[in-house]
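Right after this note come the structures.
In the two complexes that follow, subunit A is the common piece, with subunit B as its partner first and subunit C second.
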Partner chain A sequence: MATKKKEQNHAERLAQEQKAISVSQFFERNRHLLGFDNPIKALSTTIKELVDNSLDACQEINILPELTIQIKQKAEKKFIIIVEDNGPGIVKEQIPKVFAKLLYGSKFSKMRQSRGQQGIGVSASVLYGQLTTGKSSKITSKIDPKKPAHFYELHIDVNTNEPEIVQEKEIEWLNKDHGIKVEIELEGKYQRGRLSVDEYLKQTAISNPHANITYIPPDNKVVKYLRGTKELPKEPKEIQPHPYGVELGVLIRMMKASPSKTLLHFFTTSFSRISAKTAKEICDKANVPLNTKPHTINHQQADALFNSIAKTKIMAPPTNCLSPIGEDVLTKGLKKEINAEFYTAATRPPTVYRGMPFQIECAFAYGGDLKGDELMKIMRFANRVPLQYMQSACAIFKSSQQTAWKNYGLSQSKGALPTAPMVAMIHIASVWVPFTSESKEAIAHYPEIVKEIKLALQECGRKLAIYLRRKKKDAEVERKKSYIIKYIPHMGEALKELLELTDAQSKEIQVILKQQLEAPPEEPKVGTTVKTK
Partner chain B sequence: MATKKKEQNHAERLAQEQKAISVSQFFERNRHLLGFDNPIKALSTTIKELVDNSLDACQEINILPELTIQIKQKAEKKFIIIVEDNGPGIVKEQIPKVFAKLLYGSKFSKMRQSRGQQGIGVSASVLYGQLTTGKSSKITSKIDPKKPAHFYELHIDVNTNEPEIVQEKEIEWLNKDHGIKVEIELEGKYQRGRLSVDEYLKQTAISNPHANITYIPPDNKVVKYLRGTKELPKEPKEIQPHPYGVELGVLIRMMKASPSKTLLHFFTTSFSRISAKTAKEICDKANVPLNTKPHTINHQQADALFNSIAKTKIMAPPTNCLSPIGEDVLTKGLKKEINAEFYTAATRPPTVYRGMPFQIECAFAYGGDLKGDELMKIMRFANRVPLQYMQSACAIFKSSQQTAWKNYGLSQSKGALPTAPMVAMIHIASVWVPFTSESKEAIAHYPEIVKEIKLALQECGRKLAIYLRRKKKDAEVERKKSYIIKYIPHMGEALKELLELTDAQSKEIQVILKQQLEAPPEEPKVGTTVKTK
Partner chain C sequence: MTAKKQVRTNKETIKVIDSSAKDVYTKILKKKSPEMIFPIRALSNVKYDPKKGFFELLGKYKTRALNVNTIKAFAQTLKMMGLSKNLLNVNDTATKREAYYVSKNWGDARFKEQPESDTVMDDVEAMFGINREQLGFIPEEKGGAVAGELVVIDKDPNTGAKLKIDCTKFGSGAYSVPTSVEHLGFETKAKFILAIETAGMFERLNKHGYWKKANCILISMGGVPTRACRRFIRRLADEKGIPVYAFCDGDMYAFFNIYRTLKVGSGNAAHLNEFFCVPQARFIGITPQDIVDYKLPTHPLKDVDIKRAKDALKNDPFVKQHKEWQKAIQQQVKSGQRAEQQALAKWGLNYVIDKYLPQKLKNDKTWLP
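Let's look at the complex of A and B:
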């Protein structure tokens, strides 16, 4: 008989090597996926994540944001980033998880427009900091003017994706009612230019003109972006998911977990825009009784209900979950930071992709300080956050390229942006912006989104065309006038001699001729001969 | 006195909404990040993940792979994917986690070349299947010819990212020694063409000529890719990380967790290429005693050691962790699937980026059935896996564009690929391929990698140039010959008249003239006058 000692076969040997990977380990190694590809981008991503969070926090409590952003250079490649806000602060117990656990947050499953959406950004910055400098991050939070602040030094345990508290204490935070201050040390590189922190903050000031932003770059030359309006953005409301956006697997899961006693109750309470009548229509078409208990639905019935939703006409989702910037504030924002000669803006009505409400806005600044021999510049924004990287992969860029700019009086090479002294600012507001990657740099090419962007560009384009036509006409008249004006003195002299006028009479005639010239050009008289072909 | 009932402030209200997000929830919503953007890609990604896993599994036990891939169409947009292999199988206890838990696997932290690296792909396919069809996936595994197989029906609990076992049982799997069979039902779209499953499998056969692959597409017209070699790929060995690739945060973590009693022991056992002498050099430069216990090292000392590693000359990492395809097998692979007139291949020596060994290989097929009026086609491979999407974002594509193809006799517009009847196959083998996204479609632009790709292309380019020059010369001779040959009969006639030859003599002269023409062109005689400027 064979010995009892079991020989391991291949599968058993391999089994010992299988193990769970924490999401921290995954993103530590794949940090380029989160925008930490290189030292320049790492610095800018960290500031972006912190500023986005601060602006979201201020919006939560409807307060005008007061932000301070500081970049301290510690060594050639080492920086300390400090961002402070006047938001609500974070309660003591939540601080470690919010800052030192990836995939933790409040915005992920909410159907409401916000800057953050995944619960990754800030902790990823903390993770990047500790990876490159070995240092833990420092958080100070105050939630009440009458209470002390809480200070934490935090580290992420990469093997478990759980926070490690290095230090915690109560401290005094004078002259502060509430807010957060975050300090992250990291390896980075600071530079100015198109993809810089400076540019990011300038654009943030444009899309958030209700915020005061103080920026202290490494050279300590403070830049202050003062608010251009005290009007707070409209508060976006949370909505229920729209039935057109739900997938079969999710529908099944929702029904399994539902405490509802009937499908009628389930449909009308779990989704937006399903009335009792619509619920009945869905169930009838699927041949499933309206009073069935949702958690007893079998796969075949679920499939039938799912198909029946697609065949039922359901109202578009409510759009009070969106908070567009608005034409007026868009123009104000642009005027504040760009010195141009013409501004225009358009906010499109909200619409829907995959059951998700979204809304496109657009604003142009033309002429003035802008250079005419370059391609039009695009500033892209998603939920008021400037997008700096991966422009050419973005639906906003594609839509801009595909617009026929010649129709609006601009010159354009085939498949390129127009050549014009112009900045186009394009904003998408949505409960869920479909980014092409976690680093949130480019918008995916949903046909509905591309179409809306084009319509917004065209709307602004038409207003620009009117301005440009008038400007061209004015310039034409001016050119003719200046041409004639040169000869008025000579005409005065000639008339003087012919008609034997006095000097005074000659001067008077010159004045009259000039006045005639200044008058608006006459319409051609009725009866004027017009050459026909 | 104030009532004891505490009023909630903003921060406390907001705290209740904070919660952890499971990695399944995250990827369910962001499934485009894993290659499930649309039904066409979803189908192809699923097959790719399953095939990659099967080929890796066969490699683990050094067996010639026998794979069967079937796509069954169930409804217009519903498909069942079935992939079966002859790998080692997976032990019963591990099956649920391997197939129904994201971020679970054996390859993540191994420094060794393999197709999979993240422990996401297969579970993501299961997740996508259940999301779009509500169906669980079916797995059959057999690990021993003498034991029954295990059958599982699995579902992922999205809220917890843990497997849910829908059904499990022992079954008979006749005529099978060991292997895995996976069945996933999903929403997809099947099409042929450049980005199809068909193309993916064809390219897989090229880069894995040791595999037998049977493919049953929806129309049941079976395609068989038979192996072109019985030689197994060289088994890649696992190596220790190279000190140049380690970051400060990771170094600190390694020291904290190290059971070593001295830095000497720590350095020489935790890294590749650190000898006792090198360890001493590192510690001396950092001014930290060689016998310090690693877990007692403070931050300042760690920083000093980290900087000292960068300043110490350390041998490049061992490269037996890599398993290149090899020039001979590359050419065989190309010949098997592409009917061309010229083939060449080059395998570069291994080198290093960020402490990670990698190796570039390249092969060309030129002429024959390939079309001459199109841009050169690129086939990209990473660890033998064909890359189909995001070509223009890939370092392989960039390097190909930046190569001066005119030097090798091909016509090329500025910044474009050459126009030539050619396929270039480029393979990167590495312990960690730096993909630009989790969907593993494009290689990041590390300068070391770009440089090596260019060198490989140039190496093949030079061999191609020699062939093309010879071909051109031959064609030139041929052209001249055909030109003269036309006149031979006339010359024969003329000579016949002039010299009063018989018909036979005339024929003979014509034959002699032809023979002269067929002879290799004479070298110009010494003394031939050459015009000088």
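Let's look at the complex of A and C:
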């Protein structure tokens, strides 16, 4: 047919234009997806990625983090960012790939709670710096006190997504046992305020009170966030994925790649919470023999298996893989950075959304230096990382708005956050935090997550309400006392004037009145009573 | 019905104040909680006996015992009593606003706003059953305007010499009722007193010499009549034995805020109504029936008017006593319309003088009690 031939011609012509674009090229065009949409954000995203990685690295080797972050301003829009840590360092061979190859990392495939997740971050910053300044990034790594450090200058080949080594040498790094120092030059803009690097580091210090953080902003006025606890976060365990959380495509890929000889073996070893009995149940329901070789499963069978998983009752995933901050440490973190009069915290028991274990924590700081005529401030954290952007799209924000704060003694306009001198810090710990986008700014509205956030807020709210009631009562007693002292002299003076009393007589009744009114025992007669005469 | 002379000498008033203060003092010395007893000032504590002709207290009292919550009010009340005593001692007066400013010397016991000081003043007044003028406090507002066949006998405030004020000689102006009227005397041959709601209507009647034509005394109340205005009309009507006719708008506010207060006093100051009321007053217009009879231009009743009407039917002891008023209210609510006295101008500016008032005065069937 003529038309068919024509189509083929089109297709052939198009095929000549079609070629694979590299990941690097893709992100060069879509850098907003990763949080590099504007110069202000680019600066903070880069620092965020580096700091998150450093904290994760220190946690892996159970060491108290010592971080130094410096922002040097080179020109109006040119900045050099230097982040140094005391983590384990990275072995020489891995350095180019970790820093100059996108989507390379160990975290993506692991079912374990960690700050970074996709392994995009650091190399994206390197790429961004390279695109905006043409400069390569400098990385120094030391893995052993007895060995020299390695210094690299790296570039990313945007066509192949492969690292290009500009310079490589061994150097002496004095007074350092191990760690990494990363230097990236980029185009950016430095700003203070709610969305600033300053605020991000302050919040990081709150959610990581075990870290010492030194911050040198462009004006060289050094800020030191000192350690508030020596308690290291519990090392999160790695778990197998839970079947409820696996999508069909992923299931097919897992089966194709599986070395297992039977589905029984595949299910029981690749997932958590699947026993031989459960595996049999799944296969029976799907009408697929239990001894089928996983990589021979066709699409139809996979679909049947996927559906039968949903229909099979499977135990919730283990939750010991989570590492919450803990009520005590949460409070310590808030206390060290916010001067308030009342602190409280609540850590909810772990639970599950879509087969992923997660846990919500919440802490309040109330009063003190905080301003009372403003809306409550929310600090959002995901796996200890502060979330600064897209607040109103986040499940944490929505849940806070929907909480009935009036029940806890705060004033709240309809559908708004309460007006109170208060900071609410909310933390979600999960092996896989469901963000609404790759730039990791807002948490998705899973009903299970929203419910848990609300419960955590309510738990803290109840404690706050008790405090506020007691405070009000104390203030009332105080007010009454001051009231008595304030007006007794006027009683004395008025009677003195009316009845021409002596000073002594006036004093006498003032003394009596003070005794009578301050003594609480017999409840004084009700202020006004109605009676008929 | 004659008005009691309710004049006390300053000495007598001081005695009342002293004994009350003494009582507080002795109670404190005996380590007992001193109390102040006030009649409750509200319509719910008011009864109306048409024979007596005014709202009087039902006898509900509230007791303010001294405790932490009442100590401020207690101290302020004593201070206010002290101020009154000082004024009476030197035979001076202070306006309500001045009293409020005096309190600014009282340190923490001072009043923040004048309504607070007015309330305490009302408390003292009610507690003693003595009107505030006798306690040395005078109101800010003027009493009302008078024109017509009347000679008021007053004294020169400086020399004490007798003054005769002829109310026919004010031309296009009028005699102004003073804040205290107890000392005034009257000479008149007028046949009646016409108490008028609005200054505008008073102007028209005065300008065209209606008082000469009808041989009467015109008094402009200017809205709700002040105590002095009520007392002036009362004394004049009692002493000269002449009737009082009220000529107001045809709406709920005129019926129950203006006319009823003129006739039987207010619910808020029932402890004093005996003196500040004009029981012989009659309402000649504008009645709801007038609106129909004279085909007056109207405005629709507002929600507040309807609420006011329902409230009057349910709670006002005066309305409960008078079937005619109940009917009138129901008629007005049903029609949903109200009319102002100046609406008569529809038939010509002097229609009110030439037709309306003569017709109404002739036919007492068209009045309301």
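Going forward, the second predicted complex is superposed on the first by the 453 of 533 C-alpha atoms of A that agree within 3 Å, B and C clash if a C-alpha of one lies under 4 Å from a C-alpha of the other, contacts with A are read in each partner's own complex, and residues count from 1 in each chain.
Just so it is clear, a residue touches a chain if its C-beta (ideal position, glycine included) is under 8 Å from a C-beta of that chain, and two chains touch if they have at least 3 such contacts.
Everything quoted here is computed from the prediction, not taken from an experiment.
Participant: Now for A:30: first (subunit B), second (subunit C), both, or neither, which partner does it touch?
Facilitator: A:30: touches subunit B, not subunit C.
Participant: Which holds for A:250: it touches subunit B only (first), subunit C only (second), both, or neither?
Facilitator: Only subunit B; A:250 stays clear of subunit C.
Participant: Return the chain, subunit B or subunit C, that is in touch with more residues of subunit A.
Facilitator: Of subunit B and subunit C, the partner in contact with more residues of subunit A is B.
Participant: Using the touch definition from the top, say if A:276 reaches subunit B (first), subunit C (second), both or neither.
Facilitator: So A:276 meets neither subunit B nor subunit C here.
Participant: Of the partners subunit B and subunit C, which touch A:222 in the superposed model: first, second, both, neither?
Facilitator: neither
Participant: Contacts for A:512 in the overlay, against subunit B (first) and subunit C (second): which applies, first, second, both or neither?
Facilitator: In the superposition, A:512 touches subunit C alone.
Participant: Which partner does A:466 reach: the first (subunit B), the second (subunit C), both, or neither?
Facilitator: neither
Participant: Thinking of the overlay built on chain A, is A:499 touched by subunit B (first), by subunit C (second), by both, or by neither?
Facilitator: second
Participant: By the touch definition at the top of the document, which applies to A:475: first (subunit B), second (subunit C), both, or neither?
Facilitator: neither
Participant: Residue by residue on subunit A, keep only those touching subunit B in one complex and subunit C in the other, then list them.
Facilitator: none
Participant: So in the complex, the part of subunit A that touches subunit C is made up of which residues?
Facilitator: 480, 483-484, 486-488, 490-491, 494-495, 497-499, 501, 508-509, 512-513, 516-517, 524-533
Participant: Give every residue of subunit B touching subunit A within the complex, in rising order.
Facilitator: So the residues of subunit B touching subunit A come out as 9-12, 14-15, 17-23, 25-26, 29-30, 32-33, 37, 60-61, 88-91, 93-94, 97-98, 101, 103-106, 108-110, 118-119, 130-135, 141, 143-144, 158, 178, 247-253, 299, 302-303, 393, 432, 434, 436-438, 444.
Participant: Write out the stretch or stretches of subunit C touching subunit A in their complex.
Facilitator: 17-18, 21-22, 24-25, 28-29, 31, 33, 37, 40, 59-72, 74-76, 78-79, 81-82, 85, 106-109
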